[in-house]
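Just so it is clear, A, B, C, D and E label the chains in written order, and each chain counts residues from 1 on its own.
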Amino acid sequence: MLPVASLLILVPLIFAAVTFFTKTKEQAAGLGFLGSLVTLGLTLYAYMNFDSSTAAMQFFESIEWIPSLGVNYSVGIDGISMPLILLISIVIPFLILYSWKEDREAPNRFYGLILTMQAAVIGVFVALDFLVFYIFWELTLIPLFFMVNIWGGEKRVHASYKFFIYTHVASLVMLLGIFGLFYASWQQTGIPTFDIRELVTQFQFFESSLLRDAIFLSIIFGFLAKMPAFPFHSWLPDAYSEAPTAGSVLFVLLKIGGYGLFRISLPMLPNTGNPDLMITMLGFLGSFSILYGALVALRQKDLKRMIAYSSLSHMGFVTLGAAGLVTLSVSGAMFQQFSHGLIMSILFMSAGAIQTSAGTRIINNLGGLAKKMPKLTVVMMVGFMASLGLPGLTGFIAEFLVLTFSYVNLPGFVLLALLAIVITAGYHLWAMQRAMFGVYNEKLGDIMDINSLQVFSMAAIALLVLYFGLNPSPVLNMMITNSEAIVSLAAALGV
Amino acid sequence: MVKTALEDFAFLIPLLPALAFVITFFFGRKMPSGGAIVPILAIAASFVISLMITLGLLENPGEVVSQSYSWFAVLNIGILIDPLAAVMLSMVSFVSLLIHIYAVSYMSHDPGKARYFAETALFTAAMLSLVLSDNILQLFVSWELVGLCSYLLIGFWFEKPSAAAAAKKAFLTTRIGDVMFLTGIIVLTSDLLKLAGGFQDGVYLLRFDEIFSYIPQLAALQANILGFEVSHLTLITLLFFGGAVGKSGQFPLHVWLPDAMEGPTTVSALIHAATMVTAGVYLVARTFPMFIAAPDSLLVVAYLGGFTALFAGTMGIVMNDLKRVLAFSTISQLGYMMLGLGLGSAIGLEAVGISIFHLINHAFFKALLFLCAGSVIHAVGTQDMRELGGVGKVMPITAATMTIAALALAGFGIPGTSIGTSGFFSKDAIIEAAYLFGEHSNNWIPYVFSIAAALLTSIYIFRLIFMTFTGKPRSDYHGHESPAIMTIPLSILALFALVFGGLTKTGFMSFLEETFANSFVNIDIGSLAVIGQNELVEAAGHEPVFVLWLPLIVAVVGLAVAFVIYYLRIVELGPIASMKNPIYRLLYKRYYQHEIYTEFFSLGIVYGVIAFFSQVLDVIVDSIVEGIGILTVGASEELRKIQTGVVQSYATAVILGVSLLIILVKLIMEVL
Amino acid sequence: MKINRPLAFLVALLFTAVIVVGAFGTSWNTVSELPENPTDQSNIEGIGMLLFTHYVAPFEVLSIVLLASLIGAIYMAKGEGNQ
Amino acid sequence: MIPLTFYLGLAALLFSIGLYGVMTNKNGIRMIMCIELMLNSANLNLVAFSSYTDTLNGQVFAIFSIALAAAEAAVGFAIFMAIYRMHDKINLDELNILRW
Amino acid sequence: MENLMFLAPELAVVATGLIVLLIGVFMSPQTKNMLGYLATLGVLAALALTIQSFGTEATMFFGTLSIDALSQFFKLVFLAVSLIVSLASIKYNENSDHTEEFYSLVLFATFGMMVVASANDLILLFCAFELASLATFALAGFEKRNARSLEGAMKYFIIGAISSALMLFGISYVYGATGTTSIPMIAENATLLAENPIGLVAVVLLIAGFGFKMALVPFHMWAPDAYQGSPSVVSSLLAAGSKKMGFVAAFRVFIVALAALQPDWQLAFTILAVVTMTFGNVVAVSQTSVKRMLAYSSLAQAGYIAMAFVVMTPMALTGGIFYTLAHAFMKAGAFIAAGAVVWMITSQKTGNLDIPDHLDSFRGLGKRMPLAALCMTVFVFALAGIPPTAGFMAKLVLFSSTIQAGMTWLAVIAILNSALSLFYYARLVRYMYFLPPEGKKIGMPFPYAAALLLAVAGVLAMGIWPEPFMQWAMDAAQVLI
C-alpha cells in the first residue's frame, strides 16, 4: 500500500517546486498539469482502495516529530476528507487546462502557486495532528495571497491584504483555541499531545464549562471566518472578485473551514457548556448567511461579486447542515462542500471568460452574450442552474439533505433558508437575463467564445456536477458513514 | 409473460426522450430538420410502451408496475405506473408526439431548431418521469426539471428581451410554488422520521406507500401556527397545493402563464396541454389520500380552483392576443380541474376521476387550440386578433379543427347521452359535482363559480373564433393553409377532442378509482375521509334536470353573445372596450398584476427595501473591517513621528519612561 | 522644537522626586558606626585583594574593554581624509 | 555621623543634573560630561553603600566603573571627532536625518 | 586553579580577536580578506567548543562566572550570530584597510556577550555589558564617512551611555540594599529590596539598562536609527546578538537575583511588552526603509520575548529562550539580506543611493538576486510566524504558554500584533517577487550567500526539527526556576 496521504501532499509540492523553475509558459503549464494529473491518479488510487463502510481513519501514517510537545506528523484519510481531496484533485487539472492559453506574467509562479495551494489544502485535509493541521492551514494563505496580489484586478493589493490579514487573524484565534485545548488536555492527562482525535476526545473531560466554551468558540471562529459565514465574510467579496479566475477557483476549493467544522467542531459541540445555544448560534449564522448572501447578491452589479455573495449564501448551507446534527443533514453539509466546489468553479470560470472576452464584468454593460458565446452560455447555464439548486445537479442533493434533515432540529432556521431559495433563483436568472440574453450589446465589439480547452474543462466539471447530482452515492456514502459517527456521539450525550 | 416483459421497459419511457435530448443537443445541428426525428421516434416509443402498459392495466388494474431502486441515502428512485400514471403517461407522450411532429414544419425556418427539439425532448422526458415517480422526491426532481425546460423553452428566442423576461418570470413564479412544495416535503420527511423513529434499512421513506401508511398519525400531529391549531397533514397538503398553484397557474401564482406564450407556439401547446401545467393537478391527484384525510385542505383547493376558473375567464374576454386568450383559458380550465379535485371532500375518490378526465380532455383540445393558433400565426404572421379576421377562408382545415376545439372547450354536448365533445363530459361532471357539493354542504360558492366561468369560457372562445376566422381581413396578410405535416396532427387531435370523452366516459372513472387500491397501495378512502372530517355522499345520478342542462345552456348563451357581438357586430363595443372604462381597464391590465407583483413587490419590497438594507448591513460590516485597517495605517503614520531624530528627545523619552514606569507600576500595585 | 528645556526640567525633577522618594522611603540596613581600620586608613589593600581574587574575571574583561575602546576610539578618531 | 540618605540624596541630585544636561545640551562634549556626572553619582552611591554596609565590593565596583567611564568617554569623543570632521560641528540636535 | 577548559569558547573568541588584530597590522589591504576567514574559523571553533561542552555545569572565579545550560544556550545564540556576521563581513570588508579593527571589535563584542551570558556577579555583568556596548559603538559608526552611519553610532552611544548610567545607578541600590553584587547572594538577601520602595526603583532602573539593549519601548529610541544607519552586518550583530544579551542579563538578574521582586518587574514587563510589540508593529507598517522596518519589527519581537517575563511559566521561559535563538537567525539573516541589497545598489550605482535599503531597491529582487530574495522571504515569513519556520515554532511555544497561564488577553494582543506584522512582511515579499526589477541580474557574492544559507538553515532547522533546540531551551529554562 502506498503512503497515499503523504504522497498527496508531497507530489504537488515537488511539482510546484520544479514548476517554479520553468522558463516558458508551455513548460510551466505542462508541468503543472502533469503534477496535477499525478495527484489525481494518487487520489483515485486512494479512492479505489477506500472503504466507505467504516468511519475509521484509513491510510494512516504517524511519525514522531516534537516529542517534548507531543507533536507527531500523523496523517490519514477518512470519509470526511476523501471527498474533498477528490474535489480538489479533480478540479485542479481542469483549472490548469482552463488557464492554459491565457497570457500572463510569470506563468511559472502562477502554476507553481496553484500546485502549492493544492498541496497545502490536501495537507489540511489529511492532517491528524493539530500542529500539522495548522501549518498547512496557514500555508494555504500564501498562494492565495499572491494569486490575488499579482494577477488580480484593479483593487488587488487591497483585496489581497484584507484577505490575508483577516483570515490570518481568524486562524490565529483558532490557534489560541488549539492551545487551550492542548494545555487543558495536558493538565488533564499529564501527557502533552497535539493529536486531533485525542484532543477532541479529551475535550469532554475538561471541568470548566467556560473553558470548554471558550475553546470551542475560538476554534470555530477560525473555521467560520474561513468558510466564511456572516458576519465574518468581509474579506470574501473583495478577494473573490479581485482574484484572477484561477485564484477565485482556488478560493472556492479552499474548503478547509467547513472541513474543520466537521472534523473538529462538531465532535466537540455536544460537550460544550451549552450545546443548545451553540447549535442555535450555528443554525442562525448558517441560515442568515444563506438569506443575507442571496439578498446582497441580488443587488450586485459586478458578476463576480454576485457569484462571491452567492458563494457566501451557499456556504451557509454547510453551517446550517452541521448545526442540524442529524446524520443526513451533516452529510448534506459535507456534500454541499463538495458540490459547491464544483459549481463555483464553473461559475468563476464563466465569469472569468466573460471578463476576458468582453472586458467587463458589470452585468448591465453586458447583454446578449449568448449570441456570441453560445458554448459559454450552455456551460454557464448548467453552473447557474446547479447553483440555484436545480434537481439533477449536485447543488440540489446537498441543499435538499441539509434543509430536510436540519428541519428536524432547527425548523425555524430552515424556513428562513427556504425564503432565500426564491431569491437565489431570482438573482441568478436576472443576471443571466441581463448578461447573456436579450439584444447583443454592440458596444462590446466582436468578441470570441471560449477556447476549446476552456470548453473542455468547464464541460467536464459540468458533467461531474450532473453525474454527482444524479448519482451522489459514490461520495455521499462515505460522508454518511462518518456523519453517523459524529451524530451518534452527539446522540449519546442526549443533544 | 408479455406483461412482465413490458414492465421491464417502463424505465425507457422517460429515458428515451432524455437520450433523444442528449443526441439532438449535441448532434442535432448536423441532422436534417434539426434532428427532429430522434425525439419523435423516442417519444413515439415511449408512447407505445405507455399505451401497452395502460392496456395491460386496463385488464388487471390491481397489478400495477412498481419498481424501486436505492438512489442516495434513504431515498429512492422508482417507477410506479398505476391507472392514474398510466393515463397520464399515455396522454403526455401522445400529445407531445403530435406536437413534435407538428413542430417539424412549424420550426423549420428557425436556426436554433436543434436546440428546440432537444429541449422539448427533455421537457417531455421530465414530465414523463414526473408522472411515473413512485416517491415524492423524484416527483419533485422532475417537477423542477419541468420548470427548467419551461424556462429554456419560453426563453427560446432569448434575443428578444420580452422572451428572456417571460422565461425568468415563469421560472421564478413557479419557483415560489416549488419552495412551498419543498417545504411540504421537508415537513413531511421530518414528521415521518419522527413517526418511524429513524431510518430503517430497505425502507424508502418518501415512497408514496410509506407516506400513505402514516396518514392517520400525520393527521394526528398538531401544529400551532399563528394561534391556529393545524394538523400537520393539513399543513403538508396545503404546502403541496402551494406547489401545484405555482405550477398549474392557479391564483395568485398564475401570472407567468399568459407571458409564457413568448416561446414558440408549439412550446405553449406543450406547456399548456401536455406537460407543465398539468403537473400541479397531477400532484394533488397523486397525493389525494393525504388531501382527503386533511381537514380543510380540499376545501381550499376547491375554492381556489373555482375562483381561478372565474378570475381567468374575466381576463380572457378582453385579451386581443390570440395566444393570450388561450393562456387565460388554460388557467381557467386548470381551475376547473382543481375545483374537481377539491370537490373530493364530498364525492371522495371520484374527484380524481373527473378531474383527471378533464385534464386529459383538456390536453387534447387545448393542444389543438394552440396548434391551430400556431398554424394561423405561422401562416399569417401576426397573433393580434384585431388584425386578423376571415382567416377561415384561407385556412379551412385549421378553422374547422379549431372550431371543434372551441366547442370542446365550451363543453357542447347533449346531457344524458354519449353524444358530445370530450370537454362536455368532463366539465359537466365537475359542475355536477359542484352542485352535489353545494346541495350536500349548503355551500354554493363552487357551483356559482363554475357556472359563471362556463359562461365566460364560451364567450371568450367564440369571440376568438369569430374574430379570427370570420368576417373580413382587418389587415393586409397573406395566409395559406399549413402543410400536411401540421394539419394531420391537428386532425388527429380534433378527432380526440371530439370523441374521446364520449367513448371513455364511464370506463375512465372506474379505471382511475383503482389508483389507490392495488398491489402498491391499498387505501380505504372512506376511512381517510373520516379522519379529514369530510362527509362523503353517494355518487351522482339523481340531480335535477336543470343541473344537467344548465352548463349547456350557459355555453349556448355564451356562443350567442359572441355571435351577436363579434360576428353580427350589431353591438357597438367602442365605449365599453375602451381604456376609459375602469372595469375594462382593470381587466385589460390584468388586475394590475404586473404593477403589484413585479414593480411593487419584487422590485420595490424585495429588491428595493430588503435587499437594500442587506447591502447597507454589508457595507457596515465591511466598514468595521476596513476601518480597523485605516486606523492602523493612520496610527502608524502618527506614531512614527515620535521618533524625531533628535537624540536629546530620545534621552528625554528614556528618562520620562523610567519615571513613569516606576509611578505606573507603583500605582497599579496599590490599586490591585 | 528640538530641545524643550522646561520639559527636560520637569522630567529631571520628576526623576529626582521618584528616586528621592524611593531612597528616602527605604529603611536601609546600615552598620551603626562607619568602619574604622586602624592599621590602614584607606582600604586599598582590601580592594586590591578583591580585585585580584574575587573580581579577577571582571578585571580581565576590563582589559579587553580597554583594548576594544582603544581600537574603536583610534579607528573612529583617525582622520584618514586629511592625509 | 552623616546619614546615608544624605549621600543618596546628593547622588540622586547629581544624577538628575546629569540627566537634565543630557536632555538639554546641544554640544556633544557637554553631553559626555553630563554622562560622566551620572556615572559618578552612581559611583558615589556605590561608595556610600560600601561604607555603610561595611563591604568592599562597592568600592571595587566604583573603580571598575571609573575605568569603564573613561573607556566610554574615549569612544564617545572619537565618534564626535568623526562627526566633527564631517559636519564641522558637534551640535547633536542637528543630526536628524535618521528619523520617523 | 580554575579549569580554563570551561572557558574555551570565550578564550577562543578573544584569542582570535587578538590574533586578527595583531597580524592584521602587518598585512597589506589586498590580503586582509583572509582575516575574515580566520575570524570565521575562530568563531566556528568556539561554536564547536560550546556545543561540545553542552551539559557541563560549573561556577568559576569565586562564583562570579557560572557555566550552565542557560549560559551555554546563549553562547550558542551569540556565536551563531557572530558566525553569520563574520562570514557576511568578509564581503563587506573586501579591499578595506580596516579589516582587523572590524573583526577584532566584532569578536570582542561577541566575547562580551558571552561573558554576560555566564556572568554570575553584577560587576562582571556590568563590565561585560560595557564591553559589548563599547565595541559595537565603534562598529555602528564604522563607515565614518557616511553621515547616517555616524549619526546612528552617535545616538546609539548617547542612549547607551545614559542607559549604562541608569543601570549602574540601579545596581548601586541593589548593592546597597543587599550588600553584595553576587547574583545568588542577592537572591538570598533581597527581602529588604522587596519590602522597600527602593526595590521598585532599582528594578525599573535595571530594566532601563537592559531594555536599552533589548530595545523595549521607550528605551528603544536609538534602535531604529542605529539599525538603519549602521552597516548592515553591524545591524545584524546589534539586532540579533546584543539584543539577546539584554535578555540573558535580564533573565539572570530578574528571575534569579530579584525573584523576590517578581510582582514588580512582572508588572513592569507586562506594560513594556504590550507597548513594545504594539508600537513596533504599528510603526513598522509605514516604513519605507527596509532596515528601519526590520528595526521596528525587531522591537516587536523583543516585545514578544518579553512576554516570557510576564508569563513566567517553565513553558514561557522555554519559549522565550527558544525565541531568542530563532530571532537571532531570522533577524541576522534578514539584515544580511538587506545588506546584500545595499551592496547591490551601491556597487551598481543605480537606484536610491541616498537610502539604499529603500523598499524600491527590493523591486524584482527575485530576478536580480534570486538567492537573496528567497532567503529574505524565508526570514520575513519566519518573523511573521508562518510555518514551517523557526519563527512559527517559537511563537507556538511562547504564545501558547500564555494560554497555559490563563493570560488569554495577552495572547490575543500578541496574536493580533503578529497578524498585523504580516502586512509589512508580505509587502516586502511582494516587492521582491512581484514587481518588475529595476536593473540587471547581479551575481551573489559568496560570503553573503554562505551567511544567508547558514541563517536559512538555522531558521528551517528550528522550524522543521525543533526538538533538540526545544530540549536545550528547556534545560536553559530549568536553570532559572
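Keep in mind that, in the parts below, a residue touches a chain if its C-beta (ideal position, glycine included) is under 8 Å from a C-beta of that chain, and two chains touch if they have at least 3 such contacts.
Predicted, not measured: the structure shown is a model, and the values here were computed from it.
Common neighbours of chain D and chain E under the contact rule above are B, C. Hopping across touching chains, the smallest step count from chain A to chain D is 2.
When every chain is reduced to the mean of its CA atoms, the largest separation from chain C belongs to B.
Distances from each chain's CA mean to the overall CA mean are smallest for chain A. The interface with the greater count of contacting C-beta pairs, when B-C is set against A-B, is A-B.
Each chain gets a centre from the mean of its Cα atoms; for chain B and chain D, those two points are 96 Å apart. Chain C and chain D have CA centres that are 8 Å apart. Rounded to whole angstrom units, the spacing between the C-alpha centres of chain B and chain E is 77.
Chain A and chain E have centres, each the mean of its CA atoms, that are 42 Å apart. Looking at chain D, residues 8, 15, 19, 22-24, 26, 52-54, 57, 60, 64, 68, 71-72, 75, 78-79, 82, 85, 92-93, 95-99 sit in touch with two or more other chains. The multi-chain contact residues of chain B, meaning those touching 2 or more other chains, are 640, 643-649, 651-652, 655-656, 658, 662.
Listed for chain E are residues 123, 126-127, 130, 134, 137-138, 141, 144-145, 154-155, 158, 162, 166, 173, 176, 179, 197, 200-201, 224-225, 420, each touching two or more other chains. Inter-chain contacts, as defined above, occur between A-B, A-E, B-C, B-D, B-E, C-D, C-E, D-E. By the touch criterion stated above, chain B contacts chain E in their complex at residues 632-633, 635-637, 639-640, 643, 645, 647, 649-651, 653-658, 661-662, 664-666, 668-669.
By the touch rule above, chain C contacts chain B in their complex via residues 2-4, 7-8, 11-12, 14-15, 18, 22.
By the touch rule above, chain E contacts chain A in their complex via residues 381, 386-388, 392, 396-397, 399-400, 403-404, 408, 411-412, 415-416, 418-420, 422-423, 426, 430, 433-434, 466-467, 470-471, 474. Partner chain B is touched in their complex by these residues of chain E: 154-155, 158-159, 162-163, 166, 197, 200-201, 204-205, 207-208, 212, 217-219, 221-222, 224-225, 263-264, 267-268, 271-272, 279, 282-287, 420.
Against chain C, the residues of chain D that register as touching in their complex are 1, 4-5, 8-9, 12-13, 15-17, 19-20, 23-24, 26, 51-54, 56-57, 59-60, 63-64, 67-68, 71-72, 74-75, 77-79, 81-82, 85, 93, 96.
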